[in-house]
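Heads up, the next two complexes both have chain A, just with different partners, chain B and then chain C.
This part shows the complex of A and B:
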């Protein structure tokens, strides 16, 4: 029974996914499927919250799960985060797919299974379960990217994503295999113990395995220079799938990254600045932030700009991961940043969805010109969430960046903090450019403009996301408290 | 040493075949020959598994890789036509050569590292237990110790099936973002037809 309680978030979503597929097969009415998917994922988040409140200490008999699955507060935090992102994304899908006439129930089943995969990653304590979770999540994301098969762009995006994603998975697996060869362990705790005790016969093998694992992880969190798939996949996928990838898939990838780096490679030698992974991850962070921001500023498509912006946010998050090697609050600031990023990104993509309709989708900046004057209610969400992504004070994005940069300063990484700060100032340029086009430009005569859509689903998702953004922006304390409790297990 | 000689000859013959097959798969211009090279590689690895007493793995290797994957490759090649050779694409030749040689070099480096440290301190060889590699031992491991990942992999299989259906069905039932009412209608009727049947 205790095992069932501990696993209830993942079990809830799994059972829900199966029921949803049955309901989709036997019901004539389609409109409720999106709501069902949202409710199922929300119930996953609620179960995770309930287990959190119930207290993990009260649960016994979890040894059966060892070493495959770990249920701790870190897991529960990510369960909640992933389910929140998934629920909001499926609400967006409910509006978008119908408007663009590609509504088929498989989309929601794929999303739910991808969520299950991401939750598996969040609780994985062994490289085997980690990999199964990763593949479950990735295959769902590949198929969602390819969902609009009639569009060549969507198909091309899916093929690119699939090939590069498989390549990354192969590198990751190769790294795990080398680590197994070096230490004889596949479980993260065992790996950590044998790397710490330095009892491996092949230390070089372990180092090469670690590098390969980092490369595979960098692919999955789309850090530069392993980001090549991201803009194409994000642009070609249906927008709800893009928002799901930017939010839940990224959260899953970061859960994996943190769990592997801090649990398996958490010994002093691997975490040292001269012989371990921090310099590698720091270099990735700097390159990711700078390159992604530079390219994002030059985009003409808002969707592609948001794709590059999600790469840039991965860079900021990596800064937090590097700073967490010196302890302090850096890791909890990473979790909090992920939360603010999740709600802001879902909102930004939702705002973009709301600005377009069938055949008149809002893609480029030009499409948006003058929308703020023609239709203020529709332009407002996009403008608001772009401000949150830029980190402008009353929003959640501001506190996310604030805590991240503050913890970098506290940890003594002043240069990283300054680079992140400069980058976030530069990033504000292209987010505010959206506002400029929305409110200060007029469309050129005869140019195609986006025609807004009407959907209760999208509106609901936007209102929920806005509530989170405002709440986190006004009183971030309780969320930070939760994030701090979640990191204890990992550090 | 002497009693191991036949086993060693067996092993090295299989290894030579494996290298031969791998080179064939990598360097043959004709895709069917490439697939056959892969088959030789897979068969010789299965033989090596046998000589390591991993009988179950050897048969799985035969059934899954030789039986399913190579056949799948052959299907794809036949769909594309047997004359479909890879085009002489010169783009990115330098990058590809760089990547390939980097991978080759690191592989050689890895092997050198392992051989070096093995020569210094030989690995302790633990004799295999009586039921090592048998289906029984494998099943006990899979359904007792590793039951959690085994159960989790059901989600992986499920998402693969749903994904395949979503991608295959999507080809006929949707249209480009341009808006094509005819395609839309025909898709609606075909969906209705599949529902009734």
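This part shows the complex of A and C:
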């Protein structure tokens, strides 16, 4: 019984996904499916919250799950985060898919199964469960990307995403296979123990294995130079699928990265600056932030700009990951940043969805010209969430960045903090450009203008995301408290 | 086990397979060849997992992982081929370099 309680978030979503598929097959009425998917994922988050409050110490018999699944506060935090992102994305899908005449129930089933995969990654304690979770999540995401079957862009995006995604999975697996050869362990705790005790039989294999694993992880979190798939996949996919990939899939990938780096490679030598992974990840972080911001500023498509912005945010998150090697608040700042990033990104994509309609989708900056004057209520969400992504107070995005950079300073990584700060200042340019087009430009004569859509689903998702953004921006203390408790398990 | 082939040979073979798969993936522009290259990469993974399991014959960790890799890959390739078919229907080609609508 205790095990069932501990696993209740993932069980709730799994059972819900199966029921949703049944309901979709037998019901004539389509419009409720999106709400169902949102409720199922929200219930996953509620269950995770309930287990959090109930306390894991009160649960006995969880040792049976070892080493395959770990249920700790880190897991529960990511369960809540992933379910929140997924629920908001399915609300967006409810409005978008209907408007663009691709409303089919499979989309929500795929999303729910991808959510299960991401939650499984968050609780994985062994390479085996990590891999199964990763594949479950990725396969769902590939299919969601290809969902608009008649569109060349959607299919092309899916091909690129699929090829590089499975290539990355193969790199990751080969890395784990070599580590297994060197240590005899596939479970993360066992790996850590043998790396720590220097019990590896073939140290060279272990080093190559770690390197391959880090490259595979970098692909999955779309760090430069392994980011090539991201802009294409994000641009071509239907916008709700993009928003899902940008939040839930990214949260899953970061859960995997942190679990592997801090648990499996968490021994003193692997975490040292001279013989371990921190310099590699630091280099990735610097390159990711700088390159993504440079390229993002030169995009003409807002959707593609948001894709590069999500790469840049992965760079900021990696800064936090590097700083966390010295303990302190850095890791909790990463989790908090992920939370603020999730709600801001969902909102930005939702705002973009709201600006367009069937056949007149808002894609480029030009499409948005003058929308703020023609239709202020529609332009406001996009402007608001872009401000949060840019990190303008008093939004959640500001506080996330401030906390991240502050904890990097406290940890003694002044140079990384300064690079992150400079990047976020430059990064604000392309978000503010959206505002300039919305409010200060007039559309060129005869140019096709985006016609806004109307949808209760999208509006609901935007209001929920806005509530989160404002709340996290004004009183972040309780969320930071939760994030701090979640990090105890991995530090 | 009698006159066994040494473990080292398996490791080298899997490394060579991995290199072939990796190079194939980067060089070939045909999606079907990319899919084949990914399969070769995963075979390298499976071979090394099974070979390394010989060092620790008391448990079957490597064997079990191999089975799961095979199963998960079958599922992944099914989705991949579906995407490729969908690409072919729309563009009458399975070459990645001719799918170039998405760019900066």
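In the analysis below, the second predicted complex is superposed on the first by the 491 of 491 C-alpha atoms of A that agree within 3 Å, B and C clash if a C-alpha of one lies under 4 Å from a C-alpha of the other, contacts with A are read in each partner's own complex, and residues count from 1 in each chain.
Assume a contact is a pair of C-beta atoms (placed from the backbone, for glycine too) under 8 Å apart; a residue touches a chain by one contact, two chains touch by 3 or more.
Nothing here was measured: the structure is a model prediction, and the numbers come from that model.
Participant: Taking the superposition as given, does A:448 touch the first partner, chain B, the second, chain C, both, or neither?
Facilitator: neither
Participant: So, does A:104 touch the first partner chain B, the second partner chain C, both, or neither?
Facilitator: The first partner, chain B, only.
Participant: Could you look at A:146 and tell me whether it touches chain B, chain C, both or neither (first, second, both, neither)?
Facilitator: A:146 sits against chain B and chain C alike.
Participant: Tell me the contact category for A:32 with respect to chain B and chain C: first, second, both or neither.
Facilitator: A:32 contacts neither chain B nor chain C.
Participant: Name the contact category of A:156: first (chain B only), second (chain C only), both, or neither.
Facilitator: Only chain C; A:156 stays clear of chain B.
Participant: May I ask you to decide whether A:174 touches chain B, chain C, both, or neither, giving the answer as first, second, both or neither?
Facilitator: A:174 sits against chain C, while chain B stays out of touch.
Participant: In the overlay, answer first, second, both or neither for which of chain B and chain C A:184 touches.
Facilitator: In the superposition, A:184 touches chain C alone.
Participant: Touching A:132 in the superposition: chain B (first), chain C (second), both, neither?
Facilitator: After superposing on A, A:132 lies in contact with both chain B and chain C.
Participant: After overlaying the two complexes on chain A, where does the chain B footprint on chain A coincide with the chain C footprint?
Facilitator: 128, 132, 135, 139, 142-143, 146, 149-152, 158, 178, 201, 205
Participant: How about chain A: which of its residues touch chain B in the complex?
Facilitator: So the residues of chain A in touch with chain B come to 14, 21, 64-65, 68-69, 100-102, 104, 106-107, 109-110, 113-114, 116-117, 120, 126, 128-129, 132-133, 135-136, 139-140, 142-144, 146-152, 158, 178, 201-202, 204-205, 208, 358-359, 361.
Participant: Which bits of chain B are touching chain A when the two form their complex?
Facilitator: 106, 110, 113-114, 117, 121, 123, 146, 148-149, 152-153, 155-156, 158-160, 162-167, 169-171, 173-179, 183-184
Participant: Provide the residue numbers of chain A that touch chain C in the complex, in ascending order.
Facilitator: Checking each residue of chain A against chain C gives 127-128, 131-132, 135, 138-139, 142-143, 146, 149-153, 155-160, 162-163, 166-167, 169-171, 173-174, 177-178, 180-181, 184-186, 201, 205, 231-232, 235-236, 295, 298-299, 304.
Participant: For a test of understanding, state which residues of chain C touch chain A in their complex under the given definition.
Facilitator: Chain C residues touching chain A: 11, 14, 18, 21, 25, 31, 34-35, 38, 41-42, 44-45, 48-49, 51-52, 55-56, 61-62, 64-65, 68-69, 72, 75-76, 79-80, 82-84, 86-87, 90-91, 96, 99-104.
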